[in-house]
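Chain nomenclature is as follows: A, B and C, assigned in order of appearance, with residue numbering initiated at 1 for each chain independently.
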């Protein structure tokens, strides 16, 4: 079975950009595959002809959503290659409530080596969301709301790490620090590779 | 079995006021009963003729307190109606230590749909405590101590939510925002009602 | 079996100084023994002729490290006397990642009565590290990095406390407040002694 690393971050922190660039730079040595939890779940839904798009998944009953989440988890855990799993620590729902992105049984099955949280200052996150033309209808959250989401993300990440015993890495991705963020991501992947083989001095 | 929602918040955040008003506004549609964990435990103590008042409960042995806490939990979990359970994430003891208000087995038995944390700025909480004539002897904690309690409350709330997989909602209840706080509380109750029936788009 | 209390804090918070002074002041009444988790593990390593010094422990395979950690845990849990266990909530590794200092099974076996976190302002921690002549080669972390470590320490501490149901006490140890910090530590030990015997009013 391959090593699995969970990558999370609030929308606008730059998770996907940092993740993709780190993957490119480390590909030759470290050989990870990037997969998205949401996409895996959507594929399962579409294969079962349950829904046509991602938004429609939310209309499924909670029991069915849980069942699909669990099936996606089992599929991901069985992948033979090393995996960077793009997902969420805290999913912010329509009502402003947070839902933990991982349950105890998901954590146990996925058995991650690390959780990497990509983060940025509230002001930067807010600015990036405003500039995101792909989602023109998205409500722009206040600075305070983004700050709260960041705090809850960290608290969930620490709770997940405490439960599964895996590493927790927080990477700051502010303007002008993108290369540093990618370097830190790659360094973390290297550290995990070394730690797994027992040489981390 | 009814749906159970845990409502918590540091003293002075306005938990009871927001909770009671949200209950009034939502009563016609949502039908919740408010119960207080402390009162349930006290009732059990008094029925067993163990103590005469709430303060005396603290003099019981830890084993007996735990036994009573567990009996209260089982009673609450068996209630057939929907319940808003007024309790604490972090109980601040006389020594300045925090005690988690919920244990893993309590969480498992209660199986809450959500934890709603009513919060406010440190300065507001401090001001409200000063004005609380019902507790003239209470020591007024410093801004820093209140801030620490708020941080620990959130961390426990996230740990509880991560363990039980339930929603976590934080509601700000600052001066001039009471109606907004109540609206958000009611919206969260509606969201939970919809989510349970599988329609949250 | 004796009572066990976990004492943690980031390097530079003054954990050992506060711990030692509190132990001296409370010794007559409370009778605790101070032990360090790291030293216990090192002793096991050296007894098994696996390593010569603490740094070399990191070169052991993860499986062997885990085995030694578990053996140290079992030894500590079997101590008949009251124990103040000097250890870490979040261990900061070379890669900048955090590793939780306690796993669920360690917590279950140790069954601590409390976690005491010794803390200080970021600026103070940074200053103390700069003045620490015993470790001249240590990289001095930025204010932001120390702040992050403090946040993660608290989040782990809350997750550990939520899991094991034990008390959590945070003690501030800033310049000019050393005596207050020691007093609070001793008060917490007294509170735990009283709580265990069932009289905490």
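The rule is short, and it goes like this: contacts are C-beta pairs under 8 Å (C-beta built on N, C-alpha and C of every residue); 3 or more make two chains touch, one makes a residue touch a chain.
The structure presented is a predicted model; accordingly, all values stated were derived computationally and were not measured.
Colleague: Roughly how big is the turn, in degrees to the nearest 5, that lines up subunit A with subunit C by CA atoms?
Modeller: 120
Colleague: Quick check on subunit B against subunit C: do more than half of the interface residue numbers occur in both copies, making it same, or fewer, making it different?
Modeller: At the contact between subunit B and subunit C, which are copies of one sequence, the residues are largely different (under half shared).
Colleague: So, what's the distance in Å between the C-alpha centres of subunit C and subunit B?
Modeller: A distance of 30 Å separates the two centres.
Colleague: What are the residue numbers in subunit A that touch two or more other chains?
Modeller: Within subunit A, the residues that touch at least two other chains are 155, 158-159, 162-163.
Colleague: Considering the complex alone, what residue numbers of subunit B touch subunit A?
Modeller: 114, 154-155, 157-159, 161-163, 165, 167-170, 172, 184, 187-188, 190-192, 195-201
Colleague: Would you tell me which residues of subunit B are touching subunit C in their complex?
Modeller: Of all residues in subunit B, those touching subunit C are 55-56, 58-64, 90, 93-100, 102-104, 144, 148, 151-152, 155-156, 158-160, 162-163.
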